[in-house]
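What follows is subunit A paired twice: with subunit B in the first complex and subunit C in the second.
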Partner chain A sequence: MIRRGTEKMKRVTRLVSTVVLAATVAMPLAASAADRSVKVLGWGAKSGPLKSFGVNSEAALRSAIAQINAAGGVKLGDGSSAPLEVISYEDSACKKDQNIAILRKTTSTTDAIVGMGATCSGSCQAMFGVLQKKVGDSSDSGVQMPILSDTCIRPGLAKISEWAFRNVPNEVAMYDKLFAWLRSENPDVKTFSGGTETDQGHSFITHTAIIVQAAVRHGFEWVGPSVPELGPKVKQGMKELQAAAKTQHWLMGDTNYSVQARKIKKQNPDMILVSSHPFSACGFLKEMKRQKVKPKLLVGLTSSASQETLNGCMSAAEGLIIPTGFAPITPEAVSANEIVSEAGGFLDLHSAAAWENAYLVKAAVEKAGISANSDTVAEDRRKFRDALASISESAGLIGPVTRDGATGEASKPYVYVQVVNGEWKVIHDPR
Partner chain B sequence: MDYFLNLVNTIGIHTLLGLSAYILLLTGQLSLAQAGFFAVGAYTAAVLTVILGWGILPAIGLAMLITGLLAFLVGFPALRVRGLMLVVATLAFGEFVRMFFYNFRWRVTQEGVEVGPDGTMGFSEIRYFAEHGWTSWEVTSLIWVFVILVMAIIWWADQTRSGAVLRAVGEDELAAGTVGIDVTVVKMAAMTAGGVIAGLAGSLYAHQITMLDHHAFTVLLATFAIAYPILGGVSNVFGTLVAVIFIQGLLVEGLRFLGDWRMLLFGALIIVVMNVKPRGLFDSQTLRWIKSVLRLHLSRRIS
Partner chain C sequence: MDDFWFEFVEVTQSIGDGVLFGSTYALIGIGFTLIFGAMGKLNVAYAAAAMAGAYSSLAIYILFDAPLVVIFIVSAICAAILGYLVYLTCFRFIPVHNHLAALMASVGGLFFIDEVIVHATRGSPLAFPSMFSEAYFEVGPYGIRGDLLFVFFIGLISTGVLLYVLFRTRLGLATRAVAQQDVAARLCGMSIHLTNSTTFAVAGLLGGIAGAMTAAAVGILSPVMILPLTIKGLIVTVIGGLGSIPGAIIAGLFVGGFENVVMYFRGIDERDMYVVALLFIFLVFRPNGLFGKTITRD
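And then the complex of A and B:
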């Protein structure tokens, strides 16, 4: 038996050695054959509750890059053209450690000049922390790799590192203008309340620091749990509001919303805020419908302006109003929407940003004049980053996207959409 | 190389977490509190380096001390119960810690920037290694010095009377008590040692990942902590390491393309191992077989 075991071990060792040798020989050959493409690597949540975000962003990114390549690819520093190539689109499962692992893998084992995607704000926060904070700071041993995100929307993330870039809407401006418009259009709506999923940083911070304050600023009266310090300035009374919000909140994985819905029903508000991602937003909306809660206005979180909301709770979401950075309202947006749908995805404010990012990469590559050789990867990444940082305006699907050089944050055009007869309809276009 | 070192670091940190549960398993205790101790170690060390400006080693040292003390205090009431009730009690502790950090806020302004734990928003920019110019090799070396040290101490203890006492309690508490072993003291010592090691793992994790929030310390992490030694076997410390390499290296990282199926595979694997190798992959029988194969191989070489 022992002899058999030894022979078996020998065979396994031989087999492994052969495979490793073959892989070692094949890798440089593969690299040399494809070294004149400009490589990017994407990642996002392709498993878990936020799976649809990664799936949609991947479809949008790959579709946009296919369009760019069909139109001739990108111009390199020496005047020649090369295709853009998505090496792979990895599943980071919305986990911090997996995002960091993919970032390090991209940096150290591939020729990608930019990492694209990353679904969750918390994961981006961790990943951006691993990057070098200030470009050229030799005392900082952080990772030097440009990252261009389409989905990490939590306010203030871009300042973590000069290597981090985001193409996400400015929620402060979106909600401020939304409530100003709702105020003028609905003079009979006076009071409001609402809930949020407190285990999701984006939902929670946007609810307490942005949405509620914007509503108060435009004359709506908060009738939720008492928050005496609540005021019209951004973040005024935020800590107190956070404590209060936790008394009528839910979590992303919750399946029962009856207590929260009953609580809000008792407050009898004219307007209800549902600051939550599609999955739990649908749970809460269905429970509201079951309890026959019928507010005059229903306002949701930006991330819920998606097909997932309609798939999950089309009738319960009827009337839901959300500001969004994407709607098929321009010829470019209509065309992109059709292409991505054919590729098996949906365009929403996040995946549309992934589409736009592909074109942003094209613009930055052409501005940087990179050589796209395997021996100039580090140099190309730096050139690309500098070019990306210098681009203050780019073409978005529904209008120009601008970027503030000081904060690193993008400013995108937006519209207000509402679920009408089971479909998202643009109800106001403030562009 | 950076990627592989990152993977090696993850394996090292999870090995420490698994070893913290391993010690308790030796005494027959199944604890889901390790994720809680891991979280306390992580937050403590991060607060010390980011807010108070401590060096990494003193910060790790104090984090280990605090988690050890906490484990000692938690051990008193928790170890009064056993079996499933202990699982529930330690699970409750883990959730208590998680919810504490979910609400814990301590923000200070440093050079015009707010830093520190921020409740749901987490505790970001724990950038000690990058800010102090540590290379990936240096970080890996630091982590693995601790891993080797802890493994060596546990291995050595296992060869001495202490190891025999731990295992005696694990095999049969009543019998151990009748031969004069103070079962409560042994269990408390194991709980405290487990807390210290989990605190060490947590403090390294915080600086490796650069951002902490309550999502990282769920019951899933506690499950992983006990799954490593159960899957690897408690015959010796190397079983935990092998299980971590298998789960973190192969299942989580190597099979990333499988998406949601990865976790399903993890669950299925535990069930299979529990049925096929109830004493773990690296049980004494397997070790004996490996030793005999190696001995035969060596004797052939010599002859």
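And then the complex of A and C:
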């Protein structure tokens, strides 16, 4: 009887011990699942004259990630959920060396699976150059870190590396369609002229190789000698174009635009192109207003479709038409606009892309099935990159964004906005 | 002949525009030269403090919808206070003969002020109210901007007042005395630090007016203006002659006209190259500038 009781006692003790042991082993595991997060690290210009770009993108990225986390976060490979976490949003100050330094630091010292943001095209070009060119190329010791950019808009940058991805508008398509539409809407507009800032790669190249060419292609006539078509060697073509087209030039920090405005006034074109960032665009527009230059049409650079332009020269910019990848024209865009405004930022074509990128990261993480453990970072980065490359379409704020996995580029919906009574108004929606 | 006449009008118009805009360079140059004349040191943070004064006045304009005259006065006062602070932080406690330390401290001051402005405004350009922005006088084939004409006259008046202060008041006498022989000035009962700090404040007053004038002439305020204005101000100071106020005025107008005519013929890509080449030529062939005297400290 006693023996049976002892046996029973032993079994109970064994059972309790097993339960306690299992609980002891399981507790840290359960805790680690709860503690896991999918880490991302952002960077952009948060100082210097382009500070607003970084500030707006950070506000948009953090707001979107907060919304994703509030809705349950992202699903990991093991079926559990984890929040997205912005480890930090660094200041790259639109400097090439700083962008590269942040990229290297992020790759080697953090568990971030993707770098997001980066402000200037020139900086992105340099930064993409240190990434591994082809995925899996063992002879290439380049950095293996997925980068998802929202602002570097100069055409063709993502093809530099298979680790580079962008969610920026396709300016070639945007301006081509814009001038086609302007041609059909304004048959009386025949001639055009314009100017650009030469110390900003995006402004200068977009003006020379995209905007002027698109206008010519759709039957607008450059005031002065005829503009040649760009040859297969683009650089050579741009030189020819500059020599022939007599485009007016200025610098981003210039304070005196009298000579350029007077030369354009003398040309008396029907349409004027101002391919410049807000500060110098405003300086030039104000000088044109002083000199009473009144074209029938005024077309600007995508990057100037922002609040900064209205802050700087609301009145002088009246009538300015710009194609843009963002306008609060859908319920999602209106809602995001309000949320980002409350977070202290403005939503424009660049920061809206930062918002969309947060959701793109969620989609890629869930498709990749990553583990988000500290010992699987390199593996997770590769899985994430492959998943990102395989996503052919994602939800954007004003419509679906299609993606080309081979080039890392996006094709985004866009609208045409114009400054009307001191506000940006959508004047045409080609979606 | 018609083509020649047309080109002549265009070139002279460009020169005229540049000369008028050069009055803003002259005002900045005067500030640099005034401080150099008094202390024999370059205050590289001067243009940044001047623009910070303009930003402060813009804040007053936005907050209180202040009239334009008040904006210019506020800009001058704020820049004067900043000038005094720059003196305290970058010059006051650095040994008199350590010129390099003072120079580097003021470079630090320049970037510090620049970054404060960037952080306060996010680097976003802000519209600055203009005086007479709509005034545009057409005289024959020429056009003259009313606001630049206004800047030009304010520059002349400011310079006149400054020259009066320097040569007809006790403060001016003290400033010149300290500049010429600081030990003798101290033995005569003058406070070197008080004189220097007052000079910084007076230069700041002028800088505040220059900052507001420049912003009014461009119609916008942006941090990207600070570095080019600093460089132009320094070039004007060297070409005019370090320490020479009339030299700074003439050099300011000259540089304004010169860069516009270069821009007309050679474009923006070569403009600054020629302006810097001009500086180089002066440094090599006329290091004392147009009106500068050889420094003859006892």
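Here is the rule we go by: the second predicted complex is superposed on the first by the 377 of 431 C-alpha atoms of A that agree within 3 Å, B and C clash if a C-alpha of one lies under 4 Å from a C-alpha of the other, contacts with A are read in each partner's own complex, and residues count from 1 in each chain.
Convention: a contact is a pair of C-beta atoms (placed from the backbone, for glycine too) under 8 Å apart; a residue touches a chain by one contact, two chains touch by 3 or more.
Worth saying up front: this structure is predicted, and the values here are computed from it rather than measured.
Trainee: Give one word, clash or fit, describing how subunit B and subunit C relate on subunit A after superposing.
Mentor: clash
Trainee: Counting only touches as set out at the top, which of subunit B and subunit C does A:313 meet: first, second, both, neither?
Mentor: After superposing on A, A:313 lies in contact with subunit C but is clear of subunit B.
Trainee: Touching A:51, do we find subunit B (first), subunit C (second), both, or neither?
Mentor: both
Trainee: Counting only touches as set out at the top, which of subunit B and subunit C does A:279 meet: first, second, both, neither?
Mentor: A:279: touches subunit C, not subunit B.
Trainee: Does the superposition put A:198 against subunit B (first), subunit C (second), both, or neither?
Mentor: both
Trainee: Just to be sure I read the superposition right, which of the two partners does A:292 touch: subunit B = first, subunit C = second, or both, or neither?
Mentor: Once the two structures are laid over each other on A, A:292 reaches subunit C alone.
Trainee: A:255 in the overlay: touching subunit B, subunit C, both, or neither? Say first, second, both or neither.
Mentor: second
Trainee: Show me the subunit A residues, by the header's touch rule, that subunit B contacts in one structure and subunit C contacts in the other.
Mentor: 47-48, 51, 198
Trainee: Show me the residue ranges of subunit B that touch subunit A in the complex, using the header's touch definition.
Mentor: Interface residues on subunit B, with respect to subunit A: 1-4, 6-7, 10, 102-103, 105, 119-122, 124-127, 129-131, 133-135, 209-211, 213-216, 252-253, 256-257, 259-260, 262, 289, 292-293, 296-297.
Trainee: Name, in rising order, each residue of subunit C that touches subunit A in their complex.
Mentor: Listed in rising order, the residues are 10, 13-14, 17-18, 21, 24, 115, 118-119, 122-127, 133-134, 136, 143, 145, 214, 217-220, 222-225, 227-229, 256, 259-260, 263-264, 267-269, 272.
Trainee: Name, in rising order, each residue of subunit A that touches subunit C in their complex.
Mentor: On the subunit A side, the touching residues are 45, 47-52, 55, 198, 249-256, 258-260, 262, 266, 278-279, 282-283, 286, 290-292, 307-308, 311-314, 316.
Trainee: Show which residues of subunit A lie in contact with subunit B when the two form their complex.
Mentor: Interface residues on the subunit A side: 2-3, 5-6, 9, 46-48, 51, 90-91, 93, 96-98, 100-101, 104-105, 107-109, 122, 125-126, 129-130, 132-133, 139-143, 154, 160, 198-201, 204-205, 239, 242, 246.
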